[in-house]
Structures are given as structure tokens and as C-alpha cells.
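Residue numbering begins at 1 within each chain, and the chains themselves are lettered A, B, C and D in the order written.
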Amino acid sequence: MTDAIWLVIALPLAGAVFLHFFGRRLGEPLAGIIGTLSVAASFAVGFAAALPFIVEEGAHGETVMLWEWMPAIGANLEIAWDSLAAVMTLIITGVGTLIHVFSIGYMHGDERFARFFTYLNLFIASMLTLVLGGNFAMVFMGWELVGLCSYLLISFWYTKPSAAAAGKKAFIVNRIGDFGFMIGLMLVFTNFGTLAFDGVFERVPEILDEGTATAIGLLFLVGAAGKSAQIPLYVWLPDAMEGPTPVSALIHAATMVTAGVYLVARTAPIFEAGPNAGLVVAIVGALTALWAASIAIAQSDIKKVLAYSTVSQLGYMFIAVGLGGYIAGIFHLMTHAFFKALLFLGSGSVIHGMHDEQDMNKMGGLLKKMPVTGITMGVATLAIAGIPPLAGFWSKDEILGVAFEYGGVGIVLWVIGLVTALITAFYMTRQWFMVFTGEPRWDKGVEPHESPRSMTVPLVVLAVLTVGAGFLNTPFRLTLEHFLEPSFELVKVAHPPEGWGMFALLAAISVGAGFAGMAMAGFVYSRPREIWERFQQGFGRLWEAWAAAYRVDDIYGATLVTPGRKLSERLAFTFDAGGIDGLVNGVGRAVRSVGTRTRVLQTGLVRNYGVGFVAGLLAVVIWLVVAGGGV
Amino acid sequence: MIEVTAGWYLSLAAVLFSIGLLGILVRRNALIMFMCVELMLNAVNLTFVAAGRALGNLEGQVAVFFVLVVAAAEVVVGLAIIVAIFRRRESASVDELASLRG
Amino acid sequence: MVELVIFVLVGSAAIGGALSVVFAKNPVYAAMGLLGTLFSLGVFYVVNLGHLIAAVQVIVYAGAVLTLFLFVIMMIGVDRVEDTSEPLRFQRQLVIGLAAIMVVTVGALVFGGEFAWVPLSVAGPIPNGTVENIAGIMFTDWLLPFEVTALLLTIGAAGAIALAYYAPGAPEESE
Amino acid sequence: MGDTMLTALILVPVVAAVIVMLLPANRKELALPVGFGLSFIPLAIAGYLFFHFETGVAGYQYTQKAVWYEAWGISWNLGVDGISLGLVALSVILVPIALAASTNITDRTKEFVVFTLLLEAGLIGSFLALDLFLFFVFFEAVLVPMYFIIGIWGSERRIYAALKFFIFTAFGSAFLLASIVALSVLHNQQFGAPSFDLRDLMSLDLSLSQSRWLFAGFGIAFAIKVPVFPLHTWLPDAHVQAPTAGSVLLAGVMLKLGTYGLLRFNLNLFPQAAVDAVPIIATLAVIGIIYGAIVAIVQPDLKKLVAYSSVSHLGFIVLGTAALTSAGFQGAVIQNVNHGLTTGALFLLVGMIYERRHTKQIADFGGLAKVMPIFAGLFLFTAFASIGLPGLNGFVGEFLVLIGSYSSIPGFAAVAAFGVILAAIYLLWAYERVFTGVPDKPENQKLVDLTPREIGLMVPLVVLMIVLGLYPKILLDRTAASTEALLDRVEQATTYEVPEPGRLADVFAGITEGDE
């Protein structure tokens, strides 16, 4: 099955190409069904190809070469199929299939229905290119292509200026990260002479000194921070919520944004050689987790809450992979994919049912109207809050355990993680209560209704996964760990502290934090609106700062965008047009003015010229006679 | 006994040439200027013949032959131009032909 | 001795003719002066054994070229006596200055003995420019230039016709 | 057959031009179709050449040499290798497209077609000439048709633009000619006979100062053509004023004369001077990359924006040339072709919208994606190819250049990589302003989408962008041997050593060989 692994990418790509040319003719819902089937088929192929890793513990991956691309730098189109790639593939295609199904219902009636599935399929193909690439160039290709799809999908409703601007912002901010990634790649090539994974990772210890490895790691971090929305490049993700909600679920929660985590895990040997880079990754992750969580507290847009929550959860994963807990990071990546996709799809269902209303202040009491959505979202809220035995508990706990075990700075990170867990539990519970309980605060004419079957079924499936996925990797049975181990045999993977006692203690603390957050939110937001509004006002300016996301966008605008544009204008209109071109035209003018002065000599009269001619002639003759020593 | 050397002929040619040259500068009539040019050409021919004799070969005379032919061609075209200009300007004065004034 | 006499007499005639070309008010006189000079040179050619070119000089210049000149003079009008005033500023002064320098220069060359280095007939027998001798060289070593001058003459004739052909209604200027 | 192929490739467009010229004057509507049809003959010849080109061979192929003027050692000396092959292919592909894009030219159509075909002959000749004198003749011959194409069929300020273009280039040519003649004279001194043959001149023994001065002479001419900052100001003017076909050929092929000349002549003839000049060239290239991109951001005119983006993109090619590494050279060569395709396509697209709206000002548009979805899609596709999206052609060249130059000139490469961000900014911002939002201007609401002809123009370019993006092997296989040979030449003639992998370039880490 490994030989046919290219099908995993080819199927969704073929779906995209097919839908691009024939989608409009197929119409609704056939285009959506074809798009879904191509991803589902890709999932099936991926699953079949992953079987060897499941059956035979410790099975090694292999690299399948497709064709030469840029042989001069060791970059060919090749697929590295190992257990890490398999996990990612299954997450992407699995969650992708569910979201495709959901989209058939959600995008119902959109005039560009087929185009939406074209882009979604293209995205799946790109994301798979990213995780399956057998060399850095191919990963970079996937990296950029998912950026493109993200751009296309965020600005899918391009007639809305804010959507178009958000798409552009996402792409450009990502590009800033890519700049770092690219320089990292240059360093890799300069040191190894190739970009192929095969030629790099095994030779890391013999070739890289610690300084270079740290440099490469930090540059990769820049790239990862762009793609995974970490400080300081996270600003694009909240804006990306302008896209249709399934896009937010698929790209901006479950898959694309985790590419940074995947990158760090994939390049683990380099981070191992430069551990300080890893530590920086973890610190960035922790700061982002706390920072974004605090912003999420005060958001009133249902999707913005989830967006900042995603940023925060990605920070968690960064903590894990930064400290060497690659498997913990990937584990959280997986569980997060399930429950965050569920949350986004649930919010999509709410928005759909509320006629495109996104303001939570105008919701309330929806549980009765939308029971499936409400219950499944409730499950996801519990999961993200880290309540056992749901998936979020196991993965989050493992990350906190890794941080605790690291010691030193790790303890600080662990505390930050705990605080974040508490805040997360708070704002997620707040969201659930604001949306689903209390008095209805709907606008006039809005009649909430439960979404169609095509939307609720994926919710239920995801809810089941949210409940069950955690058991893939519990301290009792480390299935995922053993599955992934062959992919990380070059490095030493960090683990939570050994022993049941420590496990129980740490789990108790984190669960306590989760419960505390939920209790606080539940206490406030289960009561009438006036009470929680007074509660919010109690925070004063702090709440305003959170609600305004610390005005980071304005700060970037004032310090980077506006001066940048000024510089550009200065260069274009003053320096280039006036300076350089002015210099050129100045030379032209100088020549012309010399000409104007000397033109009086040109009388146009033959005899005047003749005088000059004869004078010259005589001068030559005299010179010949005098200096030439005779004729 | 004064012998006539090639230098004599060359001197004569120089004088004729100079006269032609000055004529071009002082006369305004295109026809006369043309005649002055012919004068200069002939002065040169004389030097060819004299030099050819002094050097003892015929090439000088052959050169004269070619100069004659070219001069003839030049006169033909030049006179045609003068006639054409005269038709348009009713004058043969070169001073009126100043279109090239800068 | 004979040559000296011829040189003085004919040379004076040549210079006189040349001066009359420059100073004659009537173009016809100028043409006549030119004719005198041309004939004088023809004599010098004979003295220097250029028989063929002497003949050609008389036939082509006196016969063809001067006739053409006279023809054009007649066409333009003999009666137009040229205005001898000089309209160009400084022109006459400049020319006089140049003429003075020229006189000095030529004088220095002539009387300074600069031309004396070339004695006549030192290089053996004086080449005899008979038709036979000239043709011998002309149609062997100089064949290509000869043919090219033929082409030049043809082009010149065609050009003259093109220039002189004047169609009254034709557009005078085109792009 | 083999050895006259290249001559045929040059002469066929000339003959085609004569045929078009001889068409009856009252049937001027025939000129464009006939010229278009005839321009397929060079395409076919070049196609045969391309696919029968022997890969893995470094030397010139299909060579032909006939004495032209023996006393001066000038000959009709043609040959093609991996460096020129792609450019020849690019020329023959873009000319039919440029002609087919010119249906809006109704005034003096015949002359336009004739000039375009002559331009093609000149361009191909420049790329094929192995005799420096012959190269110069073609290099100059190209100016004339382009001068007229801009000057006659351009927009309002066409005369200014054409003159500026001409004077700039002619200024550089003066240095080029002087240097070429100097080389020939030196050859005469050293070998007793003048020669203009590139391969003869490569064996000259030049003193350092000689080679530096001559390098500068060649360099100025090519730098103006590229154009390298700060000699670039003719380019935006020329592009903005030129008709679509002119812009396509100017940006697509003509600018490549500069980058091609640097690779072919400056490196081969003056390796030591080239190695010494790397910091200067790389600095100018990087300034060009960043500066061109920054200036492009705020351009109000779509065509000017694309023109400045050319300044930026060509900076990458120059940087790859200055890198003096295998990947850098390959990147430069392939980027030559890529830039021709993408920028050519962008100019075509701008031309299409200009035909409809008679304006190129970005502010006059808005929301076009709604009324012209196909156009918007093609524009976005091309923009992403130009931005350097992996999977499309622009990436391959840019990436090879950046990766390749980092090992020898890391600082420059790192700064140049910043240009990649700027490219996204200026193109996507322009796209946002032109295409997204609601079409609120009444003139824009009535626009019609692309016609089948216009789509047909874009199809070959789009296909090539994808093919070269995913399967650049088709080109890289053919260039690899030639670029390796060029690198060997530089290495053997100088003290320069291509940096080995694993040993960082000296500038960056200060690691010397002794440490290993």
C-alpha cells in the first residue's frame, strides 16, 4: 500500500481539479458529495497504508520518490511515509471528511458552492503535501500552498472588503514567518548540502554545532509562529474568522495552524542539537497561551472566542514540542483537532440557525431549540476545560506533566499552563452558558432552528471522538506513544513524571484548575444578563483591554504598516521619480541647455562654416610645417 | 639656368587652391562657388601630374582621370541641385539656404 | 629654358583666370576665367607628358562641364548682377585674415624651399601618358575603380534627372 | 540539417517579416493572422531543437560557423547551450502570443507585425551568437523595432518613453562595443590575429586591471538592460507606455539579454573580475529586489506596478548569477524563463483590462472578481506564480537562487529573502483593490469577462507555469551541464572555491579550512 501512497495527495487534488472545471455544472449537492468522497477515499488509502505501523509495532517508515524536482538542492517530489506522517494524514483526512460533510449543509444555497469544495479539496491536498513531504522544500511547498488555500478560503466571500483584507493579511503575516523558515532552510542547505530529510536528520550530531542548530531552530520557530499563530505573528488568525465557519474549523483550528507544531516535531533532531531553541519555542508557546486566553475571556463574537482559544491551545502544543515532548504535542494536536473542530462546527451550526448572527450577546437559551448542537458543544467545552475522562484532559495533562518534569523554567511554564487552563475553562464555559442558556436575547425575526442532518451528524461523530480519542494515549495504555516512537528514534522524547502518585497529583491540580474556571463562569453566566454585565464591568479597563485584544492590531498598524507605506511612498514618488529619475532627466536637461547655448554657433550659413573649415585646415597645415619638420 | 622642378608646379597648385578656397568664402552665388570648387579640384590634379612625373610613374595621371570623372558627376548633380533650388527660391544665393540654423 | 618660359606665361594665365573667377561680377566672365585656367592646366599636363589627360581635360572640362555651367547661368539669368556687399558679420574680415595667413603660409612654403626637395625626373624616364600606357594600367590594376566610377556616373546622371524633374502639381513635402 | 538549424531559426522570422511586408496594402487585416501563423515556424524549429537537445553535454550544440570578415576575425558563429536554450524557447513562445494579443492594433498593423517579427529575429540572434561582434549587432538590432513599437503604438507619453529607453540602452552599448573591440585587439596582440569568437577570447591572458575595466564595460551595458538599480528608471516608463505586445516582449525576453549577457560573457570572459565584483553586484541585486518591491507597493498604475515587480524579480536572477554556486546559476537560468512567463502573462492581463476600461489606474477598479470571474482567477493565479508560490514556476527559480546564494553570500541572500514578503504585499494588495469588494462603479459593472481568444492566450502560459513549477526537470536537465561547466570555468580561472556543504561561508562563521 505504501507504493500507492501518492494517491493520498492525488485524490483530493484530482477532486479539486475536477470540481474546478465541472463543479458548477454538477451543482448542489453533487459537487459537495464528490469533494467529500475524494477526501474520504484519501482517508481510506491513508488508513490502509498506516496499517503496517499499527500491526507491527516499531515499523519504520520509508520514502517514496515520485519524480525529480530540484535535484541540485536535494529537493525532489518524494513522500516520507512514517508513523508521524500517518497520524497527521489520518487527522487531516478524517476531520477533513467530517467537515466536508458539514459544509454540504452549511454552504447550502451559496452561489459558489462548488468553488468552495474545490478550495477545500485543494487545501487537503496541500496540507497532505506539507505533512508527507520527504524534504524541506516539499514541506515548504505544502506550507505555502496551505497559505494560499487559507487566503482563498478566508476571502471566499470576497465582496465583503473585510474578508478580502483578512485573507490578504493572513497570507502576508504568514509570509513574514516563511521568511524565517526560508532562511532556516538556507542554513540547512549550507550545512548539509541537501534538503532531503534522509540526508539531514541522521547527520545532525556530526555536522551541526549547538550554535548553528539553535539558529536553525529559532528560524524555524519564526516560520512556525507565523503558521501556527504564535506571538508575535498571531494577529492574522482572529481576522481569519471572516471565512466560512467550516474553513475556520478545518484550516484555522484542526489542521493548518498545527503545521508549526508538526514542523518542530518533524525537525526534532535539530531542536535536540540546539536545546535552547526548543526552550524558546516553549516560552513563546506559554506566553501565547496565556496572552490569547486572556483575550478570549472578553470576546463577544462566538468565533473570536474560539479563534483566541485556538491560538492559546496551539501555545500549549508549542510548550510540549519545545520541551521535547513531541508525542505529547502531537497527541494534543490530535485531540484539539477533534474538540476544536467540534466547537467551530457547533458555532457554525449556531450561526446557521441564528441567521448569520455571531454576537453572543444576542443569543441565549438556544439549548432547547438546538439540542444536538448544544449537547455536542457542551461535550467539547468539557474536553477543552480538561475534565476527565474526555480527550482534552489526557493530552493537556501530558503536556503539563512534561513541563513539570523539565524542571527549572519548566515549572514556570507549568504554572502558566495551569493558569491558562483555568482561564480556558472559564471562557469556554462562559461561552456555552451565554449561547445556550438564559433568556433568549435574539433579534426580532430570528427564529433559531436545529441544523440539518448533514451538519449534525459530523457534530455527533466528532463528539464521540472527543470523548474517546483521549484513550489512545493514557498512562494506562500508551498506544499512540508506541505508534509514534519509530518516528522519533533519533531523539530523546520527554515524558511526564513517572509513577502513579505524581500522575494523580498533577492531574488533580489541573482538573482542579479546570473545575475552578468552570465553576466561576457557571456561577456568573448562568444568571441573568445584568449580573454578568456587572461582573464584566467590575474588571474595568482590564476587560476593555481584553475585549480590544490589547489593541495589538493598532500598534502594528502604527509602528509597521503606516511607516512602511510612508517609506514606500517616499521611495516611489520622491526618491525614484524625483531623485533617480530626476537625476536622469537632469542629465538630459543639462545636455539640452549646453545645446541651447551652443546652437547660436550653427548659423546654417555655408560660408560661415567654410571659414571655420578653412581655419582648421590652415591650422593643420601650419602644424605640419612647424612641428612636422616639413611637408 | 633655372630648372623648373616639381616644387614649382606644387607651388602653383597651392596658389590656385588657395584662390579657390577664398572664393568659396567670399562669394554668395552658388554657381561661382561651384566654379571655385572646380578650381580647387584642378589644382589638386596638377599636383598629381607633377608628382607622378617626379616619381616616375603613371599612377598620378590615372588618379587625375578618376578625379575628372568624379568632378563631372559632381557638377552634374550639383548643378541640378542649384537649378532645383533656384526654381523654388528664385535666387542662387547660398545665404538664403539657412534651414540648418540651430 | 622652354619649360621655364612656358611655366611663367601659362602659370600667369592660370592665376589670372582663377582670380577672375573669384572677382568677376558677371558669372559669364567668371566662367571664362575658369576656362582660361583649365586650358592652362591642360598645357601643363602636356608639358608633363600627360597627353591623354590633357585631351580629356579640354574635352570634358572645356567642352562639357563649362558648357553646362554656361547653360545654367543662362537659365538662371546673366543679367542678375550680384550684390557685392557682404551681409554676414565679420565674414569679410575673417576671410581677409585667413587670406593673409594663407599668403604667408604658401609664401613660406614656396620661398622657404619646402618644395625644392622634389627635383623633376630623377626616377628614370618620364612616364609617357599616352592612351596606350594609361589604358594598360587602367584596365589592369585599376579596373574595379574604373567600373565603379562608371556606376557613379550613371547614378549621378539619374540623380540629376530626378532632381531636375519638376512636376508642378506634385506634393512638395512628404513624410 | 543540424548545423543550419540555428541560422534558420534567425532567418525565418526575417523572411516572415518580408512576407508580411509584401502583403497588399489594402488587405491590412491579413497582416496579423499571417504573421501569427508564420511565427509558428520558429516555434516548431525551436521545439525540435529543445527536445533533441542533448542533455548532460556542457558545450554548444547545433553550432555553425561561417567566416564573415576574415581580416577582423568576425564570423557568423552560432550555437546553443543550456544557458541560452530556455531563452530561445521563451522568445518563440511569447512572440505568437504577443501577436495574438495585438488585435486592438488597427493603425499600421502591417508595420507592427513586421517589427515584432524582426524583434524576434534579433532576440534569438542575440541568444545564439557566439561571436561577440555578431552578438553586438543583434543586441543593437533589437533596439530599433522596440523603439518603434513603443514610439508608434504606445500610449500618451510614448515618444518620451521610447527615447528614454533608446538612450539608456545605447549609452550602455557604447561601453559594450568599446570593450568588445578592446578584447579583439588584445587577441591580436597575443595571438597575432584579431578574433571575436567567444571561445577564442576566453583563452586571453588578461591582466587584472584589464579584466576589471572590460568587465565594467560589459557590466554597464548589461546592467542597464536588466535593469539593475539605479539604472532602472527607463523600465517603468517604457512599460507603461508600450503596447501590450511590446511590454510582453520587453519584460519577457528583452530584459533577459542583460542577465544572459552577465552569465554568458562577464563570467566566461572575466572570471577573476567577476569574483572580485561579487559584493558590488550582489549589493545592487539585493537593493533592486527590495527597492523594486517597496516602490511597487504604492504604484497607482497597475502596469507600473508590474514593471517595478520586474525590477525586483530580475534582482533575483542577478543575485543567482553573483552567487557563483551551482544552485544559484541554475536558479538564475530557470528564473530567466519563469519571469518571462509570469510577467508576460501579467502584462497580457493588464492589457486585457486596459482594452476594456481604457485605464490602468488601480483606483478606477474594484470588485472586478464579481463581473469577470475568469479574469480574476487567471490574474490571481499569475500573481501567485509571480509571488513564488511553490508548485508554480516562480518558486523554483527563486528558491534555487536563495538557497544557492546563501552558501556563498549568506547576508545578501537573507536580505533578498525579505523580497518574498514584499512580493506578496504588493501583488495581493493590488488584487484586493482591483478585484475584491462590490463593483460599485457603473463602468465596472458592465465589463464582460474574457473572450475565448483571450483565454486561449493565457492557456499555454498557465500550463507552462504549472509544468515548470512541478516538473522543472525538463529545463533543469538541459541547463545543469552548462551551468556546471560555467562554474568550473570560474573555479579554474580564479582562486574562488565553491563553498562545500557543511562548511559555512567565511563571512558568516569565520570558519577556515584549518578547523576541519
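Worth pointing out:
Simple rule for what comes next: a contact is a pair of C-beta atoms (placed from the backbone, for glycine too) under 8 Å apart; a residue touches a chain by one contact, two chains touch by 3 or more.
Nothing here was measured: the structure is a model prediction, and the numbers come from that model.
Listed here as common contacts of chain A and chain C: B. Distances between chain centres, each the mean of the C-alpha atoms, put A farthest from chain B. The central chain of the assembly on a C-alpha centroid basis is D. Two chain pairs, A-D and B-C, are compared here, and B-C has more C-beta pairs in contact (counted per touch definition above). Here the spacing of chain A and chain D, counted between their Cα centres, is 36 Å. The distance from the centre of chain B to the centre of chain D, with each centre set as the mean of the Cα atoms, comes to 56 Å.
Centre-to-centre, using mean CA coordinates, chain B is 5 Å away from chain C.
Distance between chain C and chain D, defined via averaged C-alpha coordinates, is recorded as 59 Å. For chain A, the set of residues that touch two or more other chains comprises 605, 607, 611, 614.
Multi-chain contact residues of chain C, defined as those touching 2 or more other chains: 88, 91, 94-95, 98, 102, 109, 114-115, 117. Among all residues of chain D, none touch two or more other chains.
Contact residues on chain C toward chain B in their complex (touch as defined above): 1, 3-4, 7, 11, 14-15, 18-19, 21-22, 24, 27, 30-31, 34, 37-38, 41, 44-45, 48-50, 52-53, 56-57, 60-61, 64-65, 68-69, 72-73, 75-76, 82-83, 86-88, 91-92, 94-95, 98-99, 102-103, 106, 109-110, 113-127, 129, 133-134, 137-138, 142, 145, 149, 152-153, 155-157, 159-161, 163-164, 166. Those residues of chain D whose C-beta lies close enough to touch chain A in the complex are 164, 167, 230, 232-234, 291, 294-295, 297-299, 326-327, 330, 367, 369-370, 384, 389-391, 395-396, 399-400, 402-404, 406-407, 410, 413-414, 417-418, 420-421, 424-425, 428-429, 431-432, 435-438, 470-473, 476, 480, 499-502, 504-505, 509.
For chain B in complex with chain A, the touching residues are 21, 24-26, 28, 94-95, 97-102. Residues of chain C that touch chain A in their complex: 88, 91, 94-95, 98, 101-102, 105, 108-109, 114-115, 117. Listed in rising order, the residues of chain A touching chain C in the complex are 605, 607-608, 611, 614-615, 618, 621-622, 625, 630-631.
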